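I have a structure here, written as structure tokens, and I will follow up with some questions on it.
So that you can tell them apart, the chains are marked A, B, C and D in the order they are listed, and the count of residues begins at 1 in each.
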Amino acid sequence: MAHLDTLLNDLVIANRILANQDIVDAYGHVSVRHPAQPNHFLISRWLAPDLVTESDILELDLECHPVTGDQRKLYSERFIHSEIYRAQPEVGSIVHTHAPMVVLMGVCGEPLMPIYHMTGFLGTGVPVFDIRKAAGMTDMLISDAARGKALAQSLGDKPAVLMRGHGGVTVGRDIPHAVGRSVYLKINAELQLRVLGRKIEFLDPEEARLGERSNANFPKDWDLWKRQVTDKS
Amino acid sequence: MAHLDTLLNDLVIANRILANQDIVDAYGHVSVRHPAQPNHFLISRWLAPDLVTESDILELDLECHPVTGDQRKLYSERFIHSEIYRAQPEVGSIVHTHAPMVVLMGVCGEPLMPIYHMTGFLGTGVPVFDIRKAAGMTDMLISDAARGKALAQSLGDKPAVLMRGHGGVTVGRDIPHAVGRSVYLKINAELQLRVLGRKIEFLDPEEARLGERSNANFPKDWDLWKRQVTDKS
Amino acid sequence: MAHLDTLLNDLVIANRILANQDIVDAYGHVSVRHPAQPNHFLISRWLAPDLVTESDILELDLECHPVTGDQRKLYSERFIHSEIYRAQPEVGSIVHTHAPMVVLMGVCGEPLMPIYHMTGFLGTGVPVFDIRKAAGMTDMLISDAARGKALAQSLGDKPAVLMRGHGGVTVGRDIPHAVGRSVYLKINAELQLRVLGRKIEFLDPEEARLGERSNANFPKDWDLWKRQVTDKS
Amino acid sequence: MAHLDTLLNDLVIANRILANQDIVDAYGHVSVRHPAQPNHFLISRWLAPDLVTESDILELDLECHPVTGDQRKLYSERFIHSEIYRAQPEVGSIVHTHAPMVVLMGVCGEPLMPIYHMTGFLGTGVPVFDIRKAAGMTDMLISDAARGKALAQSLGDKPAVLMRGHGGVTVGRDIPHAVGRSVYLKINAELQLRVLGRKIEFLDPEEARLGERSNANFPKDWDLWKRQVTDKS
């Protein structure tokens, strides 16, 4: 079990990396499951990710209440996180994004498919969540538990889900895994959209499976990305 | 009513943000209605937005004359601002842009439509202003009151108008609102142009309306964008 | 007549601006006609534009010999400049570029056409020079006077010429004029290529003519671009 | 024969240049043949290229073992390098990349062809290596000698090979040559992909041959690229 201090620091770094990699703008968020309390998770208060520091991180329970009674404003979409942690015990970290190419991939009518070994994790298929089917006409936000449950059900045990007219979510075993998947999902989306409607030779499903296994946890990426944002600040 | 000093500072920040977000290059401008004199507005003298400081801001009346008799060179297209303020009392701030993707969206024959909840404000439709219909053969510039009136009429009570062969205008309740709309309009244009001619599943009009209501005034964006340009300088 | 010292400084700044605006990479060059000797021109020795300082600038005659007998290595393509200065007395400055989108525009089979008032100067048409017709099979370089003459003939009195399989050239009255045209030509090329093969509503030729007249010499751009490269260094 | 110290320094610079030019991200690598021991080559230990310093460089033999018995983790794909050095005595340096546009070019069904004189080296054709034909279902990695030999055979005496679902490799006489080819191959791929499926007028094979001969070894690029990464650090 990772020490809480390390996790808190990694979560702040993850916020900066996601901003630096253009996965998040003023919106989007990243969380990590509490290492000692699997029914709790750590996430920033309501704040643009690039501005997050350690003092902004809160511990929430799966009802999305701060365990310390903290009164600061919270992300309205924290139910994305709580309901996925509830439904998927293997998930240790979650990233929510409005990256433009991810948004576009969710409304263009073509499925996201793995183009190279770095995106082998897409090989089991990325569902598209349509909030209309779960909740009718809405502001598109996952701002209560019912919507969160519907999204978690759409995600299932997959690594990611696209949200029609909104963005997407990636999950992983731990922070570098979820962050790495969010970066490579975006790259894959950009490539598919670059040649939309034309035939691409995607990875064979078995190649995708083997490729994902080899690429494990994005350790070479994390060290590089971390240096990029810590040098910067 | 906001204090004038705060407004002046916000207007300078808005100029820098628009440059940093690639909404303006050497051209384009942003203004704010005077908080105490609704028939006056604040705008920079003739200068590239990224170079604007507080001493460059002038107060103009709706005839586009500086109220202090200042002799410095003015934007030839200040009539964009005066005539919209005259026609639309609810408008508190205006941004004019030549952002390339906005220019292209105005000449490609497809209407701008909302792709995600951040651009719900596009749901009521964005008109395309064709200066030929108002003024025949011109240099495309809104350089007098008659052209400004025609543009304001085309805009109506919408959040934005595209200008054929020129660029676009967004309006808002206040500076962050107009700036935020200019940024997200550009992102939406980029996404539509990326897959031009292919079917996109846009927001339902009711989703757009509800999405806009939830996204109010772009407060998380403004704080982030402000830090990006104040750290830089 | 501009003072030589100012011109030299402007030519160094122009080199940096062109690099900062991605008009040149390691290749490409900019020159200015000598203010007192119309049969001479100023241009850097063989060097990537972003590395050019005042001591690298040489004065060449229209045979492309350094007037001081300087022995440093010269651009092999300096004949682009000499032959255009010889053929077009009104031309005061010349930019040669390999900007990728300009290269692509020259081989994609569609003519460059003005999309907005900032590119009104394209309204008289931009020829495409095919070196095969002038010199058969070559390395594509304008490395002697005969090739330079053929290119100058293709350019005629137009503001720019595309070079098949190579890049392009823009000319202007003075340095800011030639630099400004090179920047906006590139933007226009990017926009046309973004939606290649689809119908764009270009400027009417008369709008292009009037638009160019209003946009004169890109003075607002030059001041901004200059600050961007002088702050940087 | 270059001095080893200079070569080591150039190899570190090459790692930084490739990162700065977006040829490599956390993955990809560059090597150089040992100047005195043609059956040895120099390459970094397992590390993201932008993080490489001189102390990370190892000397490997063609079995991919460190000649000093160094125990640090090695690139699993070092067999790309060893088998090409073994098969092609003229090759002095090798770059392996996952640059997204290079990846996409390898799966889009159109051959890479030279668009301008800077990419004349593509004129002899760039093969696409399909690992399935050599090794069946895999994780796509060139992680043993057999896969390396198959890749080297696909490359033959060409300047580059694309790897389906993975990336690409460029080779050259020396470091600036291999690095330069990797940069211009990427630019050419971006241009072709920008207008995929539409007719481009490529260089004539003879123009490509003559163009490559004139562009030799990218010396103007190397000096510029080197300054860009040494100023930065």
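Going forward, a residue touches a chain if its C-beta (ideal position, glycine included) is under 8 Å from a C-beta of that chain, and two chains touch if they have at least 3 such contacts.
Because the structure is predicted, anything quoted here is derived from the model rather than measured.
Here chain A and chain B face each other with different sets of residues for the most part; under half of the interface numbers are shared between them. The centroid of the Cα atoms in chain A and the matching centroid in chain C are 46 Å apart. Mean C-alpha positions place chain A and chain D at a centre distance of 33 Å.
Touching of two or more other chains is recorded for no residue of chain D.
Contact between chains, as defined at the top, is found for A-B, A-D, B-C, C-D.
For chain C in complex with chain D, the residues that touch the partner chain are 25-27, 46-48, 50-51, 98, 100, 103-104, 107-109, 132, 137-141, 164-167, 193, 196-197. Interface residues of chain D facing chain C in the complex, by the touch rule stated above, are 115-118, 120, 187, 190-191, 194-195, 198-204, 206-207, 210-211, 213-214, 218, 220-221, 223-225, 227.
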